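What follows is a set of structures for review.
Below are two complexes that have chain A in common, paired first with chain B and then with chain C.
Then we have the complex of A and B:
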């Protein structure tokens, strides 16, 4: 009971804390909105062309964008961890009997909750512009993206706890994010890419989530790529949580 | 150092505790303390004496090199989780509560410490009312002064108090009125069954607040007891302070004046109450001979005990500074 109770209490604190810092929320929402507004027109002429799966660009671009949003939400988690380390927040909770897993997971859960809200807004904005929304597919997509935030969030927190410095942490996050994004087909489907890129992409977990998300957006929840994405993400979640819990317990003994 | 307190009511027991961060430079050197239920115990010492390191080990943030710490007979080096439940702690550093109101911050810690929502809410309101902070209850912490933040931090430690409440410099930045209210709340915590460990270098405040105290210097306990017993010093519980004329010296002091120290132009000694009259006569004669400029006799203070225990270098420095000052003004 205590882990659940503590998780609920700390989740509430993190969620409210974000509400009191609206700049983060506005910037967090504006980035994908700007991508939609400024990048989608660039893709218009590619629609229906060779390698482009469907005729409407938003059906391809928005699901990829949502996967990217989840990925960035997760990998940015460590920034807050470092701020919390610096201003004594983690030290403060170290001396309380708060459940350690609850301390680790509650900021990630708050982030997932905010991401859900962002996704609903983005989909609501995209529908009038021609995005074909399938509710069941979207719901399954939300679960998959939540798992992705868990994986990347836990990984990011571990890196932050080991580094403890914002400069080196930012360098690592940026260094990882760019190749992962380009090799996942977020901006353009990898079906348009050369063979070597498509081969390398199979070593990128985000690639599987992006592929599955596009299938899910079309309402096809029983597709094998969906199963594969869940398998990859759940597998990674076991590994990252095992590692992050060890790092966290050492830092927050 | 042998622990003084050792009754069945012992809550916190520390035996032969040693801790060093650099080999050969102990921060805590063979510390033994035994603290009982219902007492306010002061831990006094200058900066760098090893107080915070000692507290860190009690609450399980650091592990000792040797020795033991038990809370209610539970070895908390093996079970630090027990210490976190048994101790509530107000750190010396300001508490990070930005993004929350005072009442939210207090209630959150109360709930995490296992309190029921309704009980915690009532207790939080009670604390804020008793500390005359009602108008701040629902204001965001960003608008708080340093003193307000410290009061909120105190409430966070007191809302669901542990069997041991550790307060590290709780009255820093707090106005005199609320200081008084805070000490009343500390007494209430004791009445509720907690033991309070007060960490401070404010000797005057500690003298009024604590039941017993230990003075720590360079990682060691240099003296321990009640304020009265430490000040009493075998019946020598009065203090003489003589200010000498510039360049005057005193060759001999009467035998009933003990523990005499001369720092610059100031002579300080201890005497029994029964020797006040001859001391006054002696001091008056020094004034007549233009050896002494003025004198005063009063009850000994804990500050004297404290400075004697930890301030050897300070006294020498003060003497040097005063001598310098005399040379400049001559």
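Then we have the complex of A and C:
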């Protein structure tokens, strides 16, 4: 199977690249660790209160944090795309007979692999501080987050291919990321928010993933919000992949 | 039978800029074909259409017998491409990069291994083949990129401005490599805005301007069309003197053409050395004092000037080609 072989070849290359650029790895891991270390303590007084039904805030905050990590991982994908446009690598591969979907998807897959490693580290760090880990819930959560990276990664690559410049790309990505994060309930559950914010949040895909991830972290798999999150993410995946493939075929001048 | 053929090839940007305009092209197999023109002339855009990188707006093209519009995937099996930005991976070693390129082109593992070693020798990469791409000098990087382009032994190799940014020594070195490839049977289609490069390297060349081919043939054939030498004058106390001088020159039967070029007057004559004393006598009689004289045999720039009314040298090396500024 040529598409699979091409994907495997390119995945391997992308995965190893991360190791050769350790700054990226260190920063990527430090950000969520800093949130855990410096933000969770701020939530302690809310434990048991509204939005924090459990006794331990980590059980609410960490799953949300992981969803945000996945979101940011995917959204940052386009930076690499722009570098590879500039150094000619995208052109170079497009002239080879390599499978087009493989070219597009392999950096996203490598990102997902690294994200899994990060998540395992983060959970391992959080458990001694009171995080209650449920293995099956966590495994389903990894699948959901992988799908989220696919959606945001494909979206980010398309934006990068259209803009071609780091400056305008970064402006768009930052412009989108902030409201998406604030309206997802990552930092504080939206059950604490006024009604209008909760209404707006329902138009935010990340909100569904954050909600589902909290349910999954508690060990509940057969739950309507989990199903809803999968539905929203898969739907978006179909749309973004259709769009990104089109952009990739046409817009790369 | 042409290995690259284009008929009425057209690319329109932004609905109106005709980057490539009804261009016809036939390239015989086994030669170095040079595509010479100023920046923005449509060289890169043509090359990228033929290499399946951007869609053809109208017209037809075949490369290695395959239809570029309908069968781009088949075309890709027969071509190599080295773009202006190269495409070497800064984070991979040269050897790793070659291996990946071979595998993506569907070569077997054993063939990839053999070919990698072969290219490391041919393009003289041994010394740095196990270092990361980011550590390479400009010339080293270019050599690796050419190796990547020919890894799968393509019939046609597209080189877009291959020597831009290289120092003279590396440029000469790359010319040698390109000729070697041609001698081994690869057809090479290269774009350049360097007159010397087009002149020295191409077996056949086309001059392109505003998306159209204005002249095509061997370098010798093109220069013969000019048939004659050019004499370039500049004078003390310019201004009206230029008009006066040009009037004077035009009255002489042996002057084929005379035109003002900035501060200079350029003449085309059959034999420059023979008529020069006569020209000087004429100017002396009219009390026009000559500041500088340059006599030269025709160059490709003269061909370009004749066909377009502009000099290639004046168009400057730093503009952006239509194709990439889009």
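Convention: the second predicted complex is superposed on the first by the 249 of 253 C-alpha atoms of A that agree within 3 Å, B and C clash if a C-alpha of one lies under 4 Å from a C-alpha of the other, contacts with A are read in each partner's own complex, and residues count from 1 in each chain.
In the analysis below, contacts are C-beta pairs under 8 Å (C-beta built on N, C-alpha and C of every residue); 3 or more make two chains touch, one makes a residue touch a chain.
All figures in this text were calculated on a predicted structure; none of them were measured in a lab.
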Please tell me, clash or fit, for chain B and chain C sharing chain A in the overlay.
-> clash
Thinking of the overlay built on chain A, is A:89 touched by chain B (first), by chain C (second), by both, or by neither?
-> both
Would you sort A:165 into first (chain B), second (chain C), both or neither based on which partner it touches?
-> neither
Classify the contacts of A:250 with the two partner chains as first (chain B alone), second (chain C alone), both, or neither.
-> second
First (chain B), second (chain C), both or neither: which does A:13 touch?
-> both
Of the listed segments of chain C (236-244, 290-298 or 308-316), which one clashes with chain B in the superposed model?
-> 290-298
Can you list the residues of chain A that touch chain B in one structure and chain C in the other?
-> 2, 5-6, 9-10, 13, 16-17, 20-21, 87-89, 91-98, 253
Touching residues on chain A, where the partner in the complex is chain B = 2, 5-6, 9-10, 13, 16-17, 20-21, 84, 87-89, 91-98, 253
Complex contact set, residues of chain C against chain A = 48, 51-55, 73, 76-77, 79-81, 83-92, 96, 100-101, 103-106, 132, 145, 148, 323-324, 326
The answer for chain B against chain A in the complex is residues 59-61, 80-81, 84-85, 87, 89, 91, 93-96, 98-100, 104, 108-109, 111-114, 140
Would you pull the chain A residues touching chain C in the complex into a rising list?
-> 2, 5-6, 9-10, 13, 16-17, 20-21, 86-89, 91-98, 250, 252-253
